[in-house]
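Got a structure for you, questions after.
Every chain is named by a letter (A, B and C) in the order it is written, and numbering of its residues begins at 1.
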Amino acid sequence: MTETQAGTGEAMASPVAPQVPAIELDGVVKEYLANGEVVQAVKGVTLSIAEGEFFSLLGPSGCGKTTTMRMIAGFEDPSRGVVRLHGRDVTNVPPNRRDVNMVFQSYALFPHMNVWENVAFGLRRRKTPEAEIKRRVGETLEIVDLVGREKRRPREMSGGQQQRVALARALVNRPRALLLDEPLGALDLKLRQAMQIELKRIQREVGITFVYVTHDQSEALTMSDRIAVMHDGLVEQLASPREIYERPATAFVAGFIGTSNLIRGTVDRVESGNAVLALDEGGRVLVAEASHRAGDPITITVRPEKITISTEEPAGGLSAVRGTVSEVVYLGLYNSYAVRLADGAEVTVFQQNALDSSSTAERGDAVWLSWQPHHSYAIGS
Amino acid sequence: MRRVRATAAPYLLALPAWIWFGVFFVVPIAAMASVSLTTGNILEGFQQTFSVSNYAAAIGQYHTQMIRSLVYGGVATVIMLLLAYPMAYWIAFKGGRRKSMYLFLLLLPFFVSFVLRTISWGFLLADDGILFGPLKSAGLLPQGFHVLATEFAVIGGLVYNFLPFMVLPIYVALERVDPRVIEAAYDLYASRWAAFRRVVLPLSLPGVFAGVLMTFVPATADPVNARVLGGTGTTMIGNIIQTEYMTNNDYPTASALSFTLMAVLLVGIFVYARSLGTENVLEAAAR
Amino acid sequence: MHDPRTSPAFLRGMTRSRSVSRRDAFRLAGLSAAGLALSACGVQGQQKAAPKPSEVADFWSGKQKNGKVVFANWPEYMPEDRGPLKKFQQETGIAFDYLEVIDENATFFGKAEPQFKAGQPLGYDIIVITNGMQFARMQALGYLVALDHKQLPNFAANAAPKYKNPAYDPDNTYSIPYTSGMTGIAYNTKYVKEPITSIQALFDPKYKGKVGMMADAQEIANYGLLALGITPEKSTKADWEKAAALLDKQREDGLVRKYFDQDYIDAVSKGDVWLTMGWSGDVFQRQLAGEPVAFAVPEEGGTIWTDNMMIPKGAANPVDALMLMDHLYKPEVAAELTEYIQYVTPVPAVKELLSTKAAGLKGEDKEALEAMIASPLVFPSEEDYAKLHGYVSPTEPAEQEAFQSMFQAVTQG
């Protein structure tokens, strides 16, 4: 009885059932009229972001990621499609009545207000009692480590501090979701890395859904629970960082995320569950889990660090390709090799620097490249 | 030696500016101050007596026109502000790619000389002219109705003639407001009005301040509108200074009046700057 | 031929001598520049007594013609083709430079005064100034060259006696007239149905708010005095006070719409004012253009003013200037000028010359010229002249100041 009550109580404590996504986009399209022509910035995006998730929209500039975010915030009206926040259709709700807050790329702090006033702005607009404003602004400034700087004006602060004010200004409202538009873009590398960790910590602390727009793949990989890779107004792949990295769904994703080698060929035969590609110059490429049949054209990607470089022919059961080392670059932690295959294609290989570096190949050496079948990943063309 | 030269360099670079300032500002002002402290008349000559009696006499004789000018200038400035702000706002935020065209249109009448422009208002506003004539014939206005030769005409003329000097600085200030900052206000639950009141308006105040300075001062000192559009009892201090200088050749009185006007305007501007001081205003706007 | 149908009156209303011009806008700017020229440590007055004949002779002896003359005049005071000047050039070989740079006595003098005071030449050999305060000041301050009347035979022969030896310049020591005009009452016949005969019309309550007066102290003072039956030339300070009080009451009663500098003619022809103090030539122009304006010299009297040619001190070509001044007194030249200017000429022979010309014309040209010859505005009768008075001309500085501040208090209150 007690247990049942407790269970019910718990269920009632969260009015929104856990399976209702925090944010849903359903066939969202955004069209602009530019020089009399209709241009589609977003060509139909459907995705759902779970409560408490750290979700990234990743892609090069012009891919539609910022427009997508601005449609979630309410700054842009979708030309078609529906935007839902916690199950509620907000497609035509203005930004000031959406329970999401945004952290702008340039921070967009109010230059005429000090830190405290900036952070209190949202609460004041919602007519929050003064005592509560005081408490919550204080708490939030503590979270972002800005206690003691309340009276500063934005222009008197460093980029990193302004960034944290912008974050606090949004967080203090306890929005259902926080939208961050390239928030670290203006910071230098070291500060950016520190802030990545900081953001992740804050997100865990407050438990709010973060939607993070970035063109920096390492940032997205580091921080996100899931990533939507966007290209040309469409989501190319929506998956966890690991999956995106290991198993890029398209050539674009493979190319955009990290370094990747693309190898094209035709399936020669299927052998003990692996498709075998025939290459002109002998050698072989094995592709695991392939549902391909002999004669199918196929493109596979293989990450540089999965490839082993050696002077002896590798054992069976591995992909094995011959080539000539055309460039060696020493990168400290590892070496980067460019290996030219017989057909002229160039393959990049990362080889960790072993204690004994004598085994590495030199420029001009004829070498074998080998990798496990499951590191060959067939992608859609 | 090198150090000396290095520290002197900025001052040397500023030298032309200082010479300009000296020749075209300090010397005339000093000369005018000196003339205002002479006594005499054109026929018998003027003596430097350092007597401030000119000031007492000028203010005693012309305080009515001085106060009237300040009132006209002030009212015209308030009207200009009320007209110019929405115009500047519209051009800055709704003008889109035609912004420069709208600004050009705003300035277009000003390719015609100031006086001719004012005279053409005399034609427009004539008692039975193209504006009021038909309205009177239609019985919409009483026969005796007139705008010319009233303070409305003078203030209207001031508003018309100086409006761009109010619009342009406000436009520049609004144009400089980062649209993202306004979006941030909306994002933080501000209604359109709250976003304007708390963010756009405070950020545009420097433009408002500049606009008020650039219109209030010349409008208050203007002699042309009162002369062309005014009637009895609308004479402004600028007309008095002209008459004293040109007609009466009473240079000391003309100088004393100019100085008094300058002092009153400076005090007014100072008080205005203090009461509407940028920092304070901004602080207050955040409440 | 000057064609009235092209409405020169409109042009004149906008640009001619007695109307506002863009130059006024620069007046205030001129203040500071002129102020600079004033020495900071007091300026001595330079009041001069009338020159002795020997001094005049000394000045002119040995002076030669230089073959060049610079004439500064009011706009619309010379035919567009500059005929009279070209004739002068043909006859004498003297080249002319004609500049329309004077549009108000006070403005012109206000700008020239610092130059005069500093002893710099203005760059003009002849200037045209109305009799009045500025002219009086130029005489008193010695800014003018006394004329050598031996070199002005045409003036001696052809000027009407009443234009010689005027009160404002005894013996024409410094000036000879260029043209004259009357200050009377201009009224719009569309609104004023009765003919105006008396100066009291300007004080009639039925024209409340529709009366125009002139802002110039000398002009308005004359009308205040005439309205009280006082002869302006003989008025005393006590008379001025009475006149100022009358004019002040006129203003306080709301009769006056506006005190005009020069732009009254547009106001009266548009009907903004129904009747106003006005100048004869302006009204005649508008009549020719078919506008409903009439002009009356009130039975109590009106004012006659004269624009005078004079040689400013420091003029480079005084002999050439005298020759040109005298040239304009040849009847045929004066006739050509009068036909264009349409103000009152000081050369009586003009009337007959123009009548002869009119007889040889046809149609509208003939009508227009005949109308002009018949007009009392251009050729006033002896009766008209009898009613005309000169300006009040106080000479003492203190009197001048009292006079001006009295009447300026009315017009600039």
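Definition applied: a contact is a pair of C-beta atoms (placed from the backbone, for glycine too) under 8 Å apart; a residue touches a chain by one contact, two chains touch by 3 or more.
Owing to the predicted nature of the structure, the values given are computational and were not obtained by experimental measurement.
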Distance-maximising chain from chain A - centres being C-alpha averages = C
Report the most central chain, judged by the distance from each chain's C-alpha mean to the global C-alpha mean.
-> B
Which integer distance in Å separates the CA centroid of chain A from that of chain C?
-> 89
Please report how many Å separate the Cα centroid of chain B from that of chain C, as a whole number.
-> 36
Round to the nearest whole Å and give the separation of the Cα centres of chain A and chain B.
-> 57
The chain A residues in contact with chain B across the complex are 73-75, 94-97, 101-102, 104-106, 108-114, 117, 121-122, 125-126, 169-170, 173
Within their complex, state which residues of chain B touch chain A.
-> 178, 180-181, 183-191, 194, 198-199, 202-203, 282, 285-286
Residue set of chain C touching chain B in the complex reads 14, 20-22, 24-25, 27-28, 31-36, 38, 40-47, 106-107, 109-110, 113, 133, 137, 140-141, 209, 217, 251, 256-259, 261, 263, 266, 270-272, 397, 400-401, 404-405, 408, 411-413
Spell out the part of chain B that touches chain C in their complex, as residue ranges.
-> 27-28, 30-32, 34-35, 38, 40-48, 61, 64-65, 113-116, 119, 122-123, 126-129, 144, 146, 148-149, 221, 223-224, 227-228, 230-233, 235, 238-243, 245-251, 254-255, 258
